[in-house]
Amino acid sequence: MILTKRLLPVVGVMGIAALSACGTSSTSSSSSGGGGGNLASCQGTFTVATDLPLTGGDATDGPPVEKAAHLAVTQALANKTLGGCTLKYVSKDDATVLKNGHDPAQGAANITALSGDSSVVGVVGPFNSSVAVAEIPIASQNHLPLISPANTNPGLTQAGTSASIDTNSLYPGVHSYFRTIGTDITQGEILAYVATKELNFTKAYAIDDQETYGKGLSTFFQKSFTADGGTIVGTASLPGTTKQFQTQVADAQSKGAQVIFFGGTSGNGCGILRSQMPASIPELGGDGCQDNKFITDAASNAAGAQVTSAPDASKLPTATKFYSDFKSTYNEDGTESPYTPYGFDGMNALIQAIKAVLTANNGQPPTDPMTFRDSVAQQLHKLNYPGATGTVAFDKNGDTTQPGFSLYTINGTAWAPKQLLTADASGKVTVAS
Amino acid sequence: MALMEINNMVKRFGGLMAVNDVSFAVDSREIVSMIGPNGAGKTTAFNCITGLYPITTGDVLFDGRSITGQPPHRITRLGIARTFQNIRLFSFMTALDNVMVGAHSWMSAHVWDSVIKSPRARADERRVTDRAHDLLDQLGLSRYAGAYARELPYGLQRRLEIARALATQPRILLLDEPAAGLNPQEKKELMALISRLREEGLTIFLIEHDMRVVMEISDRIVVLDHGVKITEGRPLEVRNNPQVIEAYLGHGAAERMADA
Amino acid sequence: MSDETTASAARATAGAIGHGTLVDPRGLSARTDRAGTTRPAVVRTLAFLRKLYGLVQRYFPQFLIAGIAFAILKVYANGGLTLMGAQIKNALVLGAIYALVAIGYTMVYGIIELINFAHGDVFTLSGFYAFVIAGLSGGAIGSLATHSGIGLLLALLIIFPTTMVAAGFTGVVIERVAYRRLRDAPRLAPLITAIGVSFLLEGLMLVIFGADNRPTKLSSWITGRAVRVAGVDVNWKDIFVVATALGLMFSLGAFVRITTLGKAMRATAQDRSASLLSGINVNRTISATFFIGSALAAAGAIVYSINYDLIQWNLGYQLGIIAFTAAVLGGIGNIVGAGVGGFIIGVISVFGGQLAGGEWSNSLVFAILVIILTFRPVGLFGVDVTTRA
Amino acid sequence: MPRLGLLQRPQPVTPQAGPRGSGTSTFWIFSLGSAMLLLMSWLLPWFVRPTSSGVGYSPMDVVTSSPTGIGTILVYILAVTMLIMVLSPVLEIAYRLRKEATPRRFDTLRGIAAVIGLVSTVAVFVLARIMREEPLFGQIDSHSITDSAVWLTMAGYIIAAVTYGARQRVTHRPSLAFGAVALPFGLLLPLMFHQAPDFILWAAESLAVYMLLALGLNVVVGFAGLLDLGYAAFFAIGAYTCASLASPKHSIHLPLWVLIFLGAAVASMFGAVLGAPTLRLRGDYLAIVTLGFGEIIPDLATNNVGKLTGGPDGISSIDQPALGPIHFGTNKEWYYWSLLVVVIVVIILLRNLERSRMGRAWVALREDEVAAAATGINTTSTKLLAFAIGASISGIAGAFYGSIVTVVTPQDFNFSVSVSILSMIVLGGIGNITGVIVGSFALTFVIFWVLQNLNEWSGTLGQTINVPTLGNLNFSQYTYIVYGVTLILMMLLRPGGLIPSRARQIELKSGGEEESLAAVQGRA
């Protein structure tokens, strides 16, 4: 009786695998078949989840990433990446109406709920650094792997780099946090390089949106800008609800600022600031500004903004397939947010880690959910996976091993990547392309 | 010695002198009435004495101590209780609760006692409840104990207000037109009540329009007109004072009266 | 039942009142008040606080004006004439919008003593009306406006009346549905309803127009620099905003003073029941008040869109409170006061933001709100009744 | 002998009349509540898992599959009795509309249905727990939803049985009946959903915390009649105090059980301090001043005053307490239970207070400030006490909130939080503790559970029936509309709330002009 029960799915799975291999031979490149034959005997359903801002003021950020991550799950299921085991996909929204966007408390509640569900083995998210600050300790206590496609604040992983984050206190349990994107240290260095070396500015005015991400990025930019020989003529820190920036713009102008830097997201006023600035002064910003919302907000004044953001993957040969799959699944380009492929890679990294755990465990999931989660985290550290954005691998802090950012400018009515820049450990910026 | 003494009290509203340099005294266990035409400043004087209005200049002495500038609740605690011209009961509290509110300042239970319902608070509540029932009982209101104050007939509302004032354990009771709106029978009962209160040791100071009531019960009468005290004396003296007649009936009235 | 009746009847027949002691003998003893033992230090502190309260109450306008003057001079000292000029321009533009919204608060409060909490959201809603109306003809109005000077005038002549009338009717409907039934209820009932209306409007706008701020595309209507004074670019837009606000305010002032309806409004504000007796249609007068107040908020929303090119569902909440602050600053019920209050608040938030940092400008306005309501609820220009004594 | 006027008066009002309206409301709320629970127990599995595979206990399964085992038959019986119970209020309303009383037979039938339903529910529950076997139910899955549905059915039936079985008692002693139903229901709530961590979190974070907040605000608004629109500020003060003292922020780690008292003390202090300037103000001005404070306090936190608050990111990694071997971080239901104990204690203490000299003083103040002052009530200290006590309760709520959520940010305490608490007490009944509990339950359930989960449910439904656009519906954006409509409708139609305190109801309908002592003195 037991034998037949075990055998049946094996036969079924093999049949489907063979069929899919025949039908679409190109799909199996990343899933690398069923791995060990013992994976096929795998039994069980695990849950993978995303936690991203999907509604409210952040609705332009989260949904494409969520779709990309969902796509990764769908493909893994179709490809039987985990053999006989199946994946359940849960999408959590960390935005609330009362905050009109991402809400750390909601994020914490989501992670708490996901942690409480013993079938959950990993989460892709969060998007915002302030949410990460709330979520990481809970995930750490519950051994739950978190893979962020968009958190750039270095204080999340590297102690002593952020004034507002006590990194060590974020990990009361195990270290289970990873990210597929570089940190603001790199981003700040690159932005300062662009401002001083490429645009030849010496006076900058820095505004931030008071959040973890924005304030952090602004601090790193100021540091690097000063180090590169520039002067910060003034700073301002304004709540995300701010709609009038004239006071600060006038202040900046009177202090002779050649460029205004905005550390923050377009939901918190990056584009509105641009619309209220004189066209003659350019605006410089980080990845939080690089979205369509910026362009609609900035309206006729949009040109003249330069921002760095996640490396543009849309031209990478490794990402071609992702973008075509995305297009065929959702009938959207997936290019409006550079983070989209990072969500895809994050989820794939998670699935690959799960697969590695299963393979190492003779095709069966560890019985204790905590052990399972711990093993997934360990496998993530070891991972070296060819993703859409390049090789996905994490260092001991959980940071990506290939930090880099692209510089984007407004070209007509859309963002256009100008160049890819990377920075080494000493802060030396090189133009990669 | 006078229980309550008002010295040169002045109350000014903008340019209007509502009470202008009024002085008089009320002795212990005396019934003193204050009369005067509408707008003479009687109620204003009441409000000044009980601390609802700050006095512009002048002084109010109670039992030899100045109470000028004290907040109303402290004046009440010192022993001055009052009723209002237009009845001000707590309409949505029961009659019993109204009286119990009167005893508020004589309850010793601290907030903490109330919160945890300590034995002290219970004893306190019981004592005050008993006393309130007793007061209602004696004033013929016991069957209304559980009714909202607004549900009481008008005459009984007046009586309930007196009960509430009595619950504050006053030494002097200030009644603002207690007979207003009462029928003759009720007025008679009111006069009996006031006499009895005096017999029990209370001092009464009242404003009243009803001359029959005033003349019958008052020991002394203070007459106010346009904020100024025009005379003071025993009922008979006041009744025949031409100034008073003039104040009530207009200029020349006294002569006409004398002629008639 | 019958027992009780006979009992009380028996008691009643014994006399008006029952037997026993009415006067608590303890009450007849002389007593010193517990508070009489207050320590002198406490007494002195209280006296000092009272004196301070009195001082602030009496000299609040002087303090405020001195503070503003100091702030302006400080900015001048720090950043020179250009910065000061630029900030004054910003303050006037912001103040003009606050003033237009504040008038609605002040009129409604003046006439029915209701803090129309939803007024800020009527402002936002009007912004969306303008957005919709401008977009209705497939952007024809917009292209008309950007075509030529006369085209712009035409476009403004279309958008202002339509939006203002739509907003006015919204205000009237709100009053009719939510407030009228509660006109004689205690003050707090309509206030709670007003908060409800505010939330309902915000919710509806959120659902219909989405959570993001919507560029209204009106900013391209008026462009260009009018004049450059001391290094400050004064744009046509800025002039337009301030001129519209002042124009509307003066016409409203004239309207209230001259017309029959205006007189009816003033009469109703003075004494509603007396107005009713003297033949004024109070309901219609109140409706008219709501109509005018909402229409002015709509005008504010249009100039806001032209100047800032954005509207967002929850914009009205904070702007509403700031405008309300302006209204109480000018003395609630006082139309001119509300206008002046709007400009003062504009100056406070801009210069306060410049000096203390932008993150403090909201707190500053709220602190003004708390101080003015606590110390001088009659506002800057109202004569305090206590000082008359 | 003179006859007394007293005797000629018409029928005196007897004190025993009592608040009848309140009892009837309680009865109807119970009816509605049980009907909702029963409906939910049916609909929940259907919504969440539209496929009949895996869920044995779903109405869809009952409808689509042929009866085989005892279990299925039991479920059929249950279904019929449920239908009767759910429909009976409808029938009752139909009769009421025709101004007729429901026939006695109807009561009997309903009683029988209640008993049979109760028995079969218990039977289903026990069978499902003991033997998860095929012959009984078809396929039984230990899925959370199955369990929840069974628990919900049980709760619904118990309430229905109590309500209908003891109808007279419910109408006459509403508070007692309410306690008898609410207490066990409240205690069992986490068990009903013990496999749904979302729900436990809702119960702890939203329901229990907001209930506490609503009880606190009720002291200020309901008892003392002072409309406080910035109540979230005190919540913030409590939460920040406790977060600072139980997190790595300042490396201080005090246990929650100490912090509750500390939070209450600090918040009440602030309550008195911030209340002081409002003492002389009229009702609506007071409301706006408190609103101003409600805006300033989170602003101060955002601007990181004195480097205490951590700025816009707030304070994170807040400690989670343990009670012996139970670690609250992993067993969130213990938060709920401990909060429930706190809520019950607070309710008892508040009832004591309400019926004490302080309670009377508050009502007196609310009704007539001038008369209250003239009756010896210290208006200043009485008002401040209301602010302080109200704030102290929110301080307790804040301590728990920080601990449960593990992070506090200034945005958690904005105006909409104050309004949501206000909506709860307005919905339930201003000034009435029972009403406040009902109101906070109803609104937190709708806002923080139903609306939030509808997104997910409709998404799942959309996936299954191939209408993926269903997943794009965002129900939580209706939150503001729910609050707004609640406030407007309640004020217009039923100002006393669902379960009004009798006095408040009449008062709000036909109250006169309030006149504050300050206004009187201000005339001077």
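When the chains are written out, they are named A, B, C and D in that same order, and each has its own residue count from 1.
What we mean here is this: a residue touches a chain if its C-beta (ideal position, glycine included) is under 8 Å from a C-beta of that chain, and two chains touch if they have at least 3 such contacts.
Quick caveat, the model's predicted, so the values are computed rather than measured.
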**Complete:** Chains adjacent to subunit B and to subunit C under the stated definition are D
**Item:** Identifier of the chain whose CA centre is least distant from the whole-structure CA centre
**Value:** D
**Complete:** A student comparing A-D to B-D should find more C-beta pairs in contact for B-D
**Asked** Between subunit A and subunit D, what is the separation of their C-alpha centroids in Å?
**Response** 38
**Message:** Between subunit A and subunit B, what distance separates the C-alpha centroids? Give it in angstrom.
**Reply:** 77
**Message:** Could you work out how far the Cα centre of subunit B sits from that of subunit D, in whole Å?
**Reply:** 47
**Prompt:** Taking each chain's centre as the mean of its CA atoms, how far is subunit A from subunit C in angstrom?
**Reply:** 44
**Request:** Please list all residues of subunit C that touch 2 or more other chains.
**Result:** 8, 12, 16, 206, 211, 359, 362, 385, 389
**Request:** Mind pulling the residue numbers of subunit B that touch at least two other chains?
**Result:** 13, 74, 77, 140, 143, 168, 188-189
**Asked** Counting only residues that touch at least 2 other chains, which ones in subunit A make the list?
**Response** 55-56, 97, 210, 239
**Asked** For this entry, which pairs of chains touch?
**Response** A-C, A-D, B-C, B-D, C-D
**Asked** Across the complex, what residues on subunit A touch subunit C?
**Response** 55-57, 59-60, 97, 100-101, 210, 236-239, 241-244, 246-248, 250-251, 253-255, 267, 272, 275-276, 278, 293, 296-297, 299-300
**Complex contacts: residues of subunit B adjacent to subunit C** = 12-15, 56, 63, 70, 74, 77-79, 131, 134-135, 137-140, 142-143, 166, 168-171, 188-190, 192-193, 196-197, 200-202
**Complete:** The subunit D residues in contact with subunit C across the complex are 1, 3-4, 6-7, 225, 227, 229, 277-278, 280-285, 287-289, 291-293, 295-296, 299-300, 302-303, 415-416, 419, 422-423, 426, 477-488, 491-492, 495, 507-514, 522-524
**Item:** Complex contact set, residues of subunit D against subunit B
**Value:** 2, 4-6, 9, 12-17, 349, 352-353, 356-361, 363-364, 367-368, 370-380, 385, 503-504, 506-507, 517, 520-521, 523-524
**Prompt:** What does subunit A use to touch subunit D in their complex?
**Reply:** 55-56, 91, 93, 96-99, 103-105, 108-109, 112-117, 130, 133-134, 137-138, 141-142, 164-166, 168-170, 172, 210-212, 215, 239-240
